[in-house]
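What follows is a set of notes on a single structure, which appears directly below.
Chain nomenclature is as follows: A, B, C and D, assigned in order of appearance, with residue numbering initiated at 1 for each chain independently.
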């Protein structure tokens, strides 16, 4: 019994860390899909880019870990703004199929570019000393970096929720998600709002990619390999919501970890079964608005 | 003779919000009936309940005396309920005649057939062409809907509904969005509709309503305020207050 | 160039529709060393045709069509490994197995639309993938299923290692599929599918049992996909897990949209251009051909919506205008 | 006019004959992985082939040239690999096939080589039973039994309780089976085993499970590359070393090209394998130096680079012996009797019975040498070892 409780704590902890990373990466996708109705399959590209920027900053330029993470966020957010203005914005009115095709094209191109610049091997992650080692509490050892991941993600999420619930920008986003036409008619500059929101969503993905590089290795095929999980988080959570993907990410993180721990032979069955069950029960996702 | 369409104590609420309460409504065979009411009166909800797009919270809907409350959209159509949409809901990239033929084929029950070419079902095509001819659309039959002016697209809406040979026809703002120059065409068409079809028209254009309808029902806040002949409604003091008054004030 | 079906469309086969078959036959004689690639292209055309039926005509966006392709592939492979290597029975088994799965999953997923449907198709494919990955005694797991032999077709035509028999076999099967799909598209059923794609709401209002009709279309499409999968199994005499991967679904969708969907021949042009470009680029720039394919997709979306056949249509329309 | 034509034809024919005599070109079809998730491994093979071809063009008889034809199989994608092999044989008329990272791909190609009589040298694909599919197949790489079985026997002398964690595909299963057999035969006990899906990214839950089972040692196998790194990191993250659990495996889990990326997590990990870039044999030193000169000081060649290098060396040997006029059966004779006392990995030869590789297996430990992580060879566990599986499973 003691053993069981103790392993329960471990599973919850590791699941939480994994779920947090999934959430930070995917939340931007939920907002852009909800706000702009844009099916952006290339979202993982931004996460990968964040990882590469952070790792190059650290490995090639000797930049310290916190500054490298901040650089990843800013660089990718700015780059995504350019991309949004030049390419994405032209496709807001296009059909879903065109958007899918376009973003798959972007993934292909980014995979090739990443390979050209960084080669095929996963990039090494060297954490600063103060984030390595174990922390001991609740009668178990916990890796310090994962504790940091959880705490840091919680503060990011807190900031994000505060931003959406309490600021003028957040009010505009919420209004635009609910009633796009109305938001336009009351004079919200939706084009600028879209650009900023897109940049923030991509920046968050970059942050998640960078922080999660230790768990989800950064290598050129990243945007393809993990796409399914990002999409599942968004679809199970519900479009245009902040809380939905959070619950979904934790659900997936914890169940995936639990499955690996107790029934490793059942691999990834569980995640997909949960996804199917949730979507049949609530097609619009756990916290999505009914269509 | 039972009414063509009837509702008994029809109610609908979304959570705490009640959008239809205790609507009792009768549409006699061959009637020309108008449903009016200010924005948000619950007209659209009422139509959606009639057609089966949303289920009522309580109450019954009957077509020709038969309870259809539990039936799906397709089954209601089979029992003679046709409708048009307030905003054009057409097969945009398809030929005008096919828009009508799709409906005719559904009515005839041949839309399941998988082997013989659709064109070999001459009856469907001939009927669709004849229908378009009566609406003055014969010349446009082979164009795609997307290429037609809006006024003509409104007529296609009506043509599709007629292709179902309905006994009850719901016209949801048939003249909405049509430039005034073309709106007389709509009226001509409405006047020429077969007399045996019971028609319920939901409309904002009061000129049209008073020219076309023999009876008028006024809906406010999800309930029937009053029902009567156009003359009675025009004279009704309540209606003037909540509806016409508001409009002309 | 359009094959939209409907009650006025002329269903007779136009002269230009013989062109693909003439080219395919010509390839057999002119480019005998390209036949393995050719067989693969022909197989993918069948697969793309099956997707066109539900995506192009029915308007269902799916990232899970490989579930049916893979089921067909494994059904044919397992049959050959355990019971008989008779190719026509294998094709039938693949078709039926995939059709059955299509019917069951169609009943479930077609209750939803949009993102939920997309994700359900994705999840179902991934689930099938995991099942095949785990059932190693039947499927060989990640190592794939091989080591079976396919008997000569009708007892007469042996599969040779240069792929000549396989090519002709694929061509004949494709021809049959094309004929069937074309019949279907021009039939009242095909017309009603177009109606569902163009306007779901109106189709309901016209009294069409939309859900049931989509389930039927989905089942037919899944069966066709299974047929294509079985064909791949037989011509390569191997089944790898990749046939169930969602990447294959994505690639297929890309091919179809690239060619132009909802017009039958988009399913011919797309796989041909995509796979030949991939083959060519992969030889010239094995490390970076992905970039070329990606750039091609982005350009198509930016400048040529409607795919390659869409561009051709636009060019023809412009030529006609300048003439008149 | 007629005279002109016929003399022209004669001249052309003459030119063609003399051209043939002057330049005998041998085409070698090389199938590896350039795109997709497996491109890191494919890249290793590619580097090995290209390095050998660049440095050894002069080692051919005069007038004989080699033309490599590279193809991308996009990963563990057997039908694509088979198609490429068909094309290489039919269109390019290659006289050798080599490369191939993945076992399923090699298994799909092998039957073709039997039919078309094209010698096929596996530079990596290690599936233990592939040589039995085709008499034209030979392997210079390795089998997992070669490393995991002796490792099991060695480990049982030091540890009593082992937990196996392997990737869930046939090389993983083979490694698990071989280690378990070796370990049990020598008196050890397996307390648990896990097979990790190929798609897994986070290995911490598996390692947590191992930690809670409290074995003395973990036997790990992952395909070389990111999975190996991720699993090792998870081991380090949970500090299993401090919990008294040792980490051992086949050389796939500490490949030389990837080792620097693993960081200090890898320190102290013990493996058995046939090749280490840190080995101090002179042939290896020259090889590593040439590799660094070509691809950069920071990079180390992994065992796949050596696999490709030795495959090409063997093919060159067959070409030299036949003076560029390749006969498939003669080639297979030469390959079956092939011996190379001076490969970077030490002496190697082909077992004429099984057409599989015979080589030394070394016990190594990851240590820091000159500030860099290295697989330091401690002892030789077997000399010119045959594949144990084929010894246990002799065809009747």
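The criterion applied here is as follows: a contact is a pair of C-beta atoms (placed from the backbone, for glycine too) under 8 Å apart; a residue touches a chain by one contact, two chains touch by 3 or more.
None of the values given here were measured: they were computed from a predicted structure.
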Exercise. If you walk touching chains, what's the least steps from chain A to chain C?
Worked result: 1
Exercise. Which chain lies at the heart of the structure, taking centres as C-alpha averages?
Worked result: C
Exercise. Roughly how far is chain A from chain D, going centre to centre by Cα mean, in whole Å?
Worked result: 37
Exercise. How far is the middle of chain B from the middle of chain C, if each middle is the mean of its Cα atoms, in Å?
Worked result: 41
Exercise. Which whole number of Å gives the spacing of the CA centres of chain B and chain D?
Worked result: 74
Exercise. Which whole number of Å gives the spacing of the CA centres of chain A and chain B?
Worked result: 47
Exercise. Counting only residues that touch at least 2 other chains, which ones in chain D make the list?
Worked result: 35, 39, 168, 197
Problem set entry | Residue numbers of chain C (touch at least two other chains) | 130, 133, 287, 289-290
Exercise. For chain B, which residues are shared contacts with two or more other chains?
Worked result: none
Problem set entry | Pairwise chain contacts under the document criterion | A-C, A-D, B-C, C-D
Exercise. Which residues of chain B touch chain C in the complex?
Worked result: 51, 53, 73-74, 76-78, 82-83, 85, 89-95, 97-98, 101-103, 105-107, 110-119, 121, 124-125, 128, 141-142, 160-161, 163-164
Exercise. Within the complex, which stretch of chain C touches chain D?
Worked result: 32-37, 40, 130, 133, 141-144, 146-147, 161-163, 232, 236-238, 240-242, 282-283, 286-287, 289-290
Problem set entry | Residues of chain C defined as touching chain B within the complex | 4-11, 183-184, 186-192, 194-195, 198-199, 201-210, 213
Problem set entry | Residues on chain D engaged by chain A in the complex (per definition of touch) | 35-37, 39-40, 42-43, 168, 194-197, 199-202, 204-206, 208-209, 212, 225-226, 229-230, 233, 237-239, 257-258, 260-263
For this session: Would you pull the chain A residues touching chain C in the complex into a rising list?
Result: 33, 39, 87, 90-91, 94, 96-98, 100-102, 104-113, 115-116, 224, 228, 231-232, 234-236, 239, 265-269, 272-273, 275-276, 279-280, 283-285, 291
